[in-house]
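Below you'll find a set of structures to go through.
Both complexes shown next keep subunit A, but they swap its partner, so subunit B is in the first and subunit C is in the second.
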Partner chain A sequence: MYKSWWKIASVLLLLYTFVGGFLMDVPRLPALGETIRNLYFHVCMWFAMMILFTISLVNSIRYLRTFKLKYDIAARHYATVGVVMGVLGYATGAIWMSYTWGDPNNPTFESFSSIAREPKLIGAAIALLIYFAYMVLRDSINDMDKRARISSVYNIFAYAMLFPSIWIIPRILPSLHPGQTGNPALDMQDIDNRMRLVFYPAVIGWTLLGVWITTLKIRFTLLKEKHLM
Partner chain B sequence: MAMNEPEAKVWNGLFWVIQLFICINAVAKSFMQESRGRMLYFYSIASPADFVLSKLLFNTVLMLLMSLLSLLLFTLFLGNPIQKAAPFIGLVLLGGWSLSLVFSFLAAIAARAQQNAAIMAVLGFPLIIPQLLLLMRLSNAAFAPLLTIPANTVLLLVALDLLVIMLAVILFPFLWKD
Partner chain C sequence: MAALKKITLFVLLMILSSVVFAQDDKEVMADTMRSNGRIYVLLAVVVTILLGLILYVFRLDRKISRLEKDK
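Our next item is the complex of A and B:
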């Protein structure tokens, strides 16, 4: 956790993402055009969110096996940073959507209701709400051990329920969003080889950045609560 | 009275929303009404897995009865737009089962957190929306003679219910210890 090579790797990969992502050649598809470069930001945010939520789940399981409070603190912070990544994913998605789905002849306000009904947007919103509920639950209990135990149980339960809401149901319902039959970012036919060169490093870079932010928050909390440990 | 006989989609939407609130009110009590002494007594005579399974079973039966009752009241007061009665009743029972399982477990969490029913709504709504969405879409097919109910989605719901039972058995011992 305290080694520095992966922090340097994260910065280098993100620098590469910004430089390569904006300058390297991309396929120009109808309706997408240059906005396809948003793949390096929008999709990576959701990847990072999912990875951080998974780390949070693992920490909750570890807490229930060992009852060491540091794992619970880690689980909480990974969930928080995962939520931040999800909100950023929404923001980048909104920018992308306004160029590709928005009807140029109508003001955004009028086409909003048809776009907001998109099952993938709703699924992601549910995912974020689940983790907001986790934080509400966690902050509503005063006793430290009880808080850790109950919120870990809820975290594991919530992760299991998260799966249908973002992986299964959006694939059943009709949708404009790409990724109806599998994962387009990982599919060998769906993504251009030139884009793959930037996309995979970008995923790793953003995820490492998220982990870095989280470890700082965890260290801060551990120092603050040192007298209780 | 306020809406006479609503059309099929409104009927369906209203029905599932009412089901959700019935479930919150019926199931939330199951853990909160137990006094501390009685919990201690249960603790001494049963294992946590047995205890949570019996709670789930009781809440399921309660919710199935409530679902049938509310279906009866709906058809009496709001008319009967259902085209395929048997599949719809099946879906209502499946939905009641799903709702009662998820909310029983959340009731256990909320009771341990010593909170009122409000926290259950906060915890429960995001978790239940996916299942409710699936149930509403499935039951839409029961209102149109030409649509068939997709078996895959029904199986998915059953699988989710089994997952909830499994998680409840695994996780409940941690809530129970004090």
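Our next item is the complex of A and C:
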């Protein structure tokens, strides 16, 4: 266990997220009800994913500048945990929308055709698939240096694709998903101030948990491949 | 002996019945866990899962640290 202060911070912030997130006062809105508390969980998954992908990008650039394999290994694992967070965000979003967007008189399956047209859903799916391709590409090359170089360059392109697929196009097209204009969840008028008290610590807590898991994976891989370093 | 048993049983059932009555009186008891649609029960479950996962990650961290020391 080293550098453990931020691990403790992550645990404390997450405990605060759960206790505060379940018990503190939230705005009463039609259709949303108590599910508004999903802001502390579903939205945080996506924030954590974006931050982890950014760290992955930084590591890829560092690899291309120094050609040290440890940066490539770090980039790969940050991307993997980012994808895990993204898949969790997708799954939680699927549950959430079934009970808020879905027509209560129609089963979810029948209102699916309108839900499946959501630009945010399609954009997020494209972004995740691009990162899946990164994993496949990286793990299919046997030569270590070639693998690191090609996948680092690809990772930069994958990150660049996040801009149109999850940040630009979903804001241009009409959508049921909130966060249509401005900067969702960061804008001053966008969310209630009571929710900010839990939301920002939650983002930090979830991200730190993701970083913690990633550092474990990186350290394990470095141990396993020590003879190659 | 049989009389003693009967009396014990009688007293026991008296006590039991008082427990049953406690359900419909309006006294404030320690029923935090049953208030607010039992949200606290949900909270306890979720926090238990969170702590379990964190404990797991923590132990993994310790194991990897030990491996790193051995090398």
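Keep in mind that, in the parts below, the second predicted complex is superposed on the first by the 227 of 229 C-alpha atoms of A that agree within 3 Å, B and C clash if a C-alpha of one lies under 4 Å from a C-alpha of the other, contacts with A are read in each partner's own complex, and residues count from 1 in each chain.
The working rule: a residue touches a chain if its C-beta (ideal position, glycine included) is under 8 Å from a C-beta of that chain, and two chains touch if they have at least 3 such contacts.
Computed from a prediction, not measured in an experiment: that's the story for all the values here.
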{"item": "Subunit B versus subunit C as contact partner of A:123, first or second or both or neither", "value": "first"}
{"item": "Dominant contact partner of subunit A by residue count, subunit C or subunit B", "value": "B"}
{"item": "Touched partner set for A:24, first subunit B, second subunit C, both or neither", "value": "neither"}
{"item": "Partner chain in contact with A:226 - subunit B first, subunit C second, else both or neither", "value": "second"}
{"item": "First (subunit B), second (subunit C), both or neither touched by A:150", "value": "first"}
{"item": "Partner chain in contact with A:14 - subunit B first, subunit C second, else both or neither", "value": "second"}
{"item": "Subunit B versus subunit C as contact partner of A:169, first or second or both or neither", "value": "first"}
{"item": "Partner chain(s) touched by A:64 [first = subunit B, second = subunit C, both, neither]", "value": "first"}
{"item": "Touching partner for A:32 - first (subunit B), second (subunit C), both, neither", "value": "neither"}
{"item": "Partner chain(s) touched by A:84 [first = subunit B, second = subunit C, both, neither]", "value": "neither"}
{"item": "Set intersection of subunit A contacts, subunit C complex versus subunit B complex", "value": "none"}
{"item": "Touch list for subunit A against partner subunit B, complex", "value": "64, 122-123, 126, 129-130, 132-133, 136-137, 140-141, 146, 149-150, 152-154, 156-158, 160-161, 164-165, 168-169, 172-173"}
{"item": "In the complex with subunit A, residue positions of subunit B that touch it", "value": "102, 105, 109, 112-115, 119, 122-123, 125-127, 129-131, 133-134, 137, 153, 156, 160, 163-164, 167, 171, 174-175, 177"}
{"item": "Interfacial residue positions of subunit C with respect to subunit A in the complex", "value": "39, 42-43, 46-47, 50, 54, 57-58, 60-62, 64-65, 67-68, 71"}
{"item": "Interfacial residue positions of subunit A with respect to subunit C in the complex", "value": "1-2, 7, 11, 14-15, 18-19, 22-23, 209, 212-213, 216, 219-220, 223, 226"}
